[in-house]
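Quick notes on the structure that follows.
When the chains are written out, they are named A, B, C, D and E in that same order, and each has its own residue count from 1.
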Amino acid sequence: MEKLKDALDFSDFSKAERIGLIIFSVFLLVFPWLGTGSFAKTVMIQFLLFSLFGMGWNTIGGYGGQVELGKAQYVGIGAYTVALMMVWWKIPFWISMPAGILIAIGYSFAIGYPLFRLKGHYFAIATICTSLVLKDIFDNWSLVGAAKGVELPIHEHPDFVYMQFKSDTYYYFFIMALFYIGLFYMNWFRKSKLGYQLRMIKDDEDAAESLGIDIRWCKIKAYSIASAFVAVGGGFMAVYNLYIDPASTMELSLSIKIALMAMLGGAASLWGPIIGAAFLVPLDRFLGSWLGGQKGLTGIDFMIYAALIMIVSAYQPRGIWGIIEQFRKRGR
Amino acid sequence: MLKVSEIEVRYSGIPVIHNVSLVVNDGELVTVVGSNGAGKSTLLKTIAGALHTSKGTISFENEEIQRLSTPEIVKKGITYVPEARLIFGPLTVEENLEIGAYIVDDAAQKRDNLDFVYHLFPRLADRKKQPGGTLSGGEQQMLAIGRGLMSNPKLLMLDEPSLGLMPKLVDEMLGAVAELRSVGKTILLVEQNVRESLELADRGYVLQTGRTILEGTGAELLNTESIRKAFLGL
Amino acid sequence: FSAEKEIKIGVLYPLSGALATIGRDLQRAAELTADIINNKAAGVDIPMAHWGGIPNLGGAKIVLIFKDHRGEPDRGADLAKSLILDDKVVGLMGAYNSAVTKTVSAVAERYGIPMINDSSTSPDLTERGFKWFWRTTPHDNYFNRDLFELLKGLTEGKVKGVKAIPKKNLQNLAYACENTEWGSGVAKSIEGYAKEYGFTITKGLLYNANAPDLTSEAKALVAAKPDAMLFASYLSDSLLMIRTLKGMKAQTKFFWGQDAGFEMADFAKTLGTDINGVLTRTVFIDKITKVKKVAGQVNALYKKKYGDDLTGATARSVVGVQTWAYVLNKAGSTDPKAIQKACNEINIPAGDLVMPWAGVQFDAKGQNILGRGLIGQYQKTADGKISLEIVYPFDLATANFIYPFPGWK
Amino acid sequence: MLITDALLQGILMGLLFALVSLGLTVIFGVMDIVNFAHGEFLMIGMYSVYWTNFFFHVDPLIALPVSAVVGVLLGLASYYWFIKYLLRGPAIAQLFGTFGLMLFLQYFAMFLFSADYRMINKGILVGKSLSVGPFIFDWTKLAAGILSLMAFAIVYYLLHRTKTGKALRATALNKEAASYMGIRTDRMNAIAWAIGGGTVGVAGGLLVNFYYAYPMVGILFVMIAFACVALGGFGSIKGVFFAGLLVGVLEMIFPVFGQLIGSDFLGPHFKFTVVYLAYFIIVVVRPQGLFGWKN
Amino acid sequence: MSFLTVENIVKDFGGLVANNNVSFTIEEGEIIGLIGPNGAGKTTLFNCIVGYHRPDSGKVTFRGKDITGMKPFATNREGIGRTFQIMKVTTGMTVLENVMVGAFCRTNDRNTARGKALEVLNDLALDGVKDYYINELPIAIQRKVGLARTLATKPVLLMLDEVASGLNPKEIEDVVELLRRLNNTKKITLFLIEHIMEMVMKVSQRVIVLDYGEKIAEGLPADIVRNENVIKAYLGEKYAQGL
């Protein structure tokens, strides 16, 4: 109960932020009826999905300050659990997704234990390596479809048991619900004991240890929370795309994208991952859609995308949220 | 030699040094004292070019230097030994010292400097090959000062050199400072060992919340009532 | 019904990313074909070159809307939705990468919009029982069977310019296939046909196409001392593989590649005469123009505009658009149901296609049963250039087969 | 014999990996930045030799200095126009900054040169090989190996024996302290980027003798380079050298091993998986890498 | 049973023996000073006790429990708090948040932790800087924050590594005052490394002296400063004359 109150309590934010949150929520609610077209809706779904990924990453990467670049393996775990359970045993989404979370958490503990012996860049590269190893295994493991991936059978629509819908509006509201659960959880998390301890670890590990914090255990906990978030997103991807393969769920570029969005939005802040996703997802999708097929301009969309990443990271290392705060301060 | 006139220094917009003026003449040992957070380190860092003034001027040998970068200032002959020591951890003691002589091109000169440092701090000679980062706190302090001397500076700025040293070494350190002065080095010293350092000094300044509130010869300051109260707890 | 001026077809290709080159070529070929249909093309002897639009739709023009899926299945799906719902396309085409074709066709299936796939060769695609998915190209199993037919033909003396080779001299095969969905599928299929045709696989390996180095793979192949080396490679790894084998002076009698890399224009351009005697499966070779006039005419247009010859991939893109035109014309309507019906009943005569196929006619699964593959051999010409000659089917052969594979000195 | 051969080939390949990684570790050593765009520097090195060969018909081996110069210029340009500003931020912002640079260079190359694969067909070394008894070596790889050894010798000498080298290391360890010694740290950073760009440029120039150039080629090598650099210990020249060799040998030996025990599962498709796994295991046992300095 | 027992601790850094057979005991409620030349191994000894280093041999017993080789967080939970000689200057958390982390050691509830933290800050007269970040504070205040956050973990044994360095004599007075108060009212046993003899003399009830890793003397402050060996190795002639 106390926790729930904490989760719903945004009172330590400024008035502007709280009003912003309300406006944003209203916008999310009415969005499907704004007549923006279906592509915009798919973009919104991607945005919510990546916000969810980013919030997860933010626990270990933002608050905990550990440069984690292997989140894609958990997307894969979540997605494969849902897909395979459905294909093999016709297990409904509502059972397979929690199962995916559990597997992700179990796996995160198993590799987190050795992983968190490492620090800094050694850690970052090691997370990439574990992810690559898992992908290579899935790529060659014929039981799980190897590189062919897994296709989910198409069901009659709408189907709430297997979460299959023809219209994206259903998916939209579903991912939005997940998004809010994530947001409220993160709002609680940042004020929780673990949240504080992680920030201390980020600042000064020796001091943290002297204050009774079991650093490795804390990191593992945060890492597994992050993994659970990401696995939920992975499960969603499976039912949303109806097809998954190692290349699209476990690729390094996906890991980087997840971390990038959170970081660029503003790591270790509640809004960071959301803002990052709100900035990068539409940028990527719309640029790709407008410029991607343009002859003679191959690569221009990426160049713009990359240049913006470069500008933000050079101009304000705290990310977009840092820029916003900077202007707010100046405004006063 | 060094003339600081009415400077103001800010940290992210907030002034920490408001109005400080100070003069160091050739061959002098000048001590700056002040309570914690008075801005002593800030002052030295500003002279060393690591921070920049928002008002006022700093001139060294009649040349304005407040706009120069740290390496340029070092080239002019001012070396700063920071309070935090900043030893190059994995490098050996000797390598640390060699880097101290980065701006010295003459090999013989370098050797002389090295001998001088080892003479001043025999303990460092014992530990030539040990990585600097594994030295004890006090040893690191010696290394930091030794490294500062390696560049043969005209003006040496020491930020609390006795910090963390054992009593015997505090004496030795201040003895070393006195020795440096006696061989003709010009020194600007910041110290918390108010009594001893003022006893050594030709002149002294008292800093309080970013302002010079008193100046005089070492002995004068030591006899000032307010100083005795504020710093010596007498 | 009222005559529409434009008929929009959504086309999804990998226009950027690792496959950008091929995506660009596919796009060019599709555009050229649409242009031939819409604006008539003098000197092309097929009916549709005189249509000037779709006749049964009041001369409506085909408008291709290209989208770049970058090889990402989820992006492909999103773009497909956008094409269907926002652009209101009549149908879809693409997506080259089999993985993307899977998600795109699933979207098409959900929305009941017809999709004609021109160039994805994963056999699985037409095994899913989709009602809105048709494929014009033959799939990998066809091609692999062609390979074994050729091998068999060699032992039976059916191949132009070669006497029958004792089976024991061509018994041992080794393959190296890249390990994504396509290559591993090919590997499996090769294993199956080898058994069926009575050959022995002495070494079979999968490898990562995105590897900075293929030395160990090449070594393993060479060490198996096979009579024939078979490959399924994309462009980059095919180049590297051949360079590496050449460096090892690898010896074998028969050197065959499963399209993709082996057949692209850049393959021959980059490797030059190093590939004398190398075989590639394909569906189109510019030598086809010798036996098929239309192909030559379209190829000439393409070459004039873009400087390259059509290849298996690009020619399939041409056929894809051709098929769309026929289907639309037959349906006489842009109603999905009508198009679905037209697709199921379509029968395009061989003469109307640029491909040396018997036509386009779909089976119940949506697979074109009249398509067939070719096998070409790179041969050094008198002037030191390299040209691709048809060696299979035997009746289309344009040159004598070089046997054994000359290798590298 | 099989093993010896794999070992020799592995060493050659390892020398190349080491050369590719050298610049990364130098840059990291001095500035604590992991340069994601390192592979793109390689790519541009490759293109620079390719185009020199294409337009001026200069032998790719002789065009090598071009790639070195282009690499140095690219390093300097990246530093002065971009990296310098990144330095103010935390490690993670730097990581993503260079990631942005990576994407930018990739697609800039695609925009300029298209995604076509480009390979050099004629050259002193291209396609030639050397037979020694039962072993056959690519001349290009031998040359790469020799050049790699030279590059390491030079860089090692530069960093450990020269004054500038010492200054570089000092900057690496503590920028603030270095500046108090009169070292112009800004310039040291630039030098590090120049060395980093130059060495990887040369690596690219050599590579294009037997590997194709295309805009995305960097990714293939950069992950290996990351593993080498981390395995050797970030910033350690000696470390990256031996790690490169280790990776090269591992990559060659593993499939042979699989072949010997007759396992198709342990085939070449896992050869780099094994490298990553080895990195993970070694580093878990030795968290500072093989030659890293534990702080 | 003693409060803290250290028996024959040896710590060897690759040939450099930083602690050699050090043994001593501390009783509950005592204030013990640890002095010795720079590099004598004092900080190393602290690290061996709280677990940053694992001693090569020897045993540490705290309140009857063998804590040798326990991790620092575990010894902290046993009730040992320590401060650092060199404090890391951080930018991520305010003073209050820092101290709250300490308080979280004993509670899971945020409000309790916050209350406890405010109490400690108030006690150390740090409420004025509670919203500052560590890097914005002068070194002495930083150390005090370090002390505050350690105190918030409710230690029964507090090990302080040079809390008074960099303070002028007046400021040292205040620290002495504070330590006495902690010892008196909170019943915290204090074990402190210090080079400033005024301070050592004033607060400690007993002094242990290390030199080259070995314990060379132990006793009352007044006796220690007259000890020949201590004068020779540590205090120096000048100090001895000043007595």
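Keep this in mind: a contact is a pair of C-beta atoms (placed from the backbone, for glycine too) under 8 Å apart; a residue touches a chain by one contact, two chains touch by 3 or more.
Just so you know, these numbers come straight off a predicted model, no measurement behind them.
The minimum number of touch steps separating chain A from chain B is 2. Path length between chain D and chain E in the touching-chain graph (shortest route): 2. Comparing chain pairs A-E and A-C by the number of C-beta pairs in contact, the larger count belongs to A-C. With every chain reduced to the mean of its CA atoms, the largest distance from chain E is reached by C. Each chain gets a centre from the mean of its Cα atoms; the one farthest from the centre of chain B is C.
Chain C and chain E have CA centres that are 76 Å apart. Centre-to-centre separation between chain C and chain D, using Cα means, comes to 37 Å. Spacing of chain A relative to chain D, judged by their CA centroids, is 32 angstrom. Mean C-alpha position of chain B lies 43 Å from that of chain D. With touch defined as above, residues shared between interfaces to two or more other chains in chain A number as follows: 65, 136, 139-140, 298-299, 302. Shown for chain E are the residues in touch with two or more other chains, of which there are none.
With touch defined as above, residues shared between interfaces to two or more other chains in chain C number as follows: 16, 20, 24, 179, 206, 208. The touch graph of these protein chains has some other shape, matching none of line, ring, star or complete. Interfaces, counted as pairs of touching chains, are A-C, A-D, A-E, B-D, B-E, C-D. Remark: chain C residues 16-21, 24, 179, 204-208, 210-217, 219-220, 223, 235-236, 239-240, 243, 246-249, 266, 270-272, 274 touch chain D in the complex.
Chain D makes touch with chain C in their complex at residues 2, 5-6, 9, 13, 17, 107, 110, 114-119, 121, 127, 129, 136, 138, 210-212, 214, 216, 219-221, 224, 251-252, 254-256, 259, 264, 267-269, 271-272. Every residue of chain E that touches chain A in the complex is listed here, in rising order: 50, 52, 71-74, 76-77, 81-84, 87-88, 90-93, 97-98, 100-102, 104-105, 108-110, 113, 146, 149-150, 153.
The touching residues of chain D, counted against chain A in their complex, run 28, 34, 82, 85-86, 88-97, 99-104, 106-111, 114-115, 215, 223, 226-227, 230, 234, 265, 269-270, 272-273, 276-277, 279-280, 283-284, 287-289, 292. Across the complex, chain D is touched by residues 61, 65, 67, 114-115, 117-122, 124-126, 128-130, 132-133, 136-137, 139-140, 252, 256, 259-260, 263-264, 267, 297-300, 302-303, 305-310, 313-315, 317-319 of chain A.
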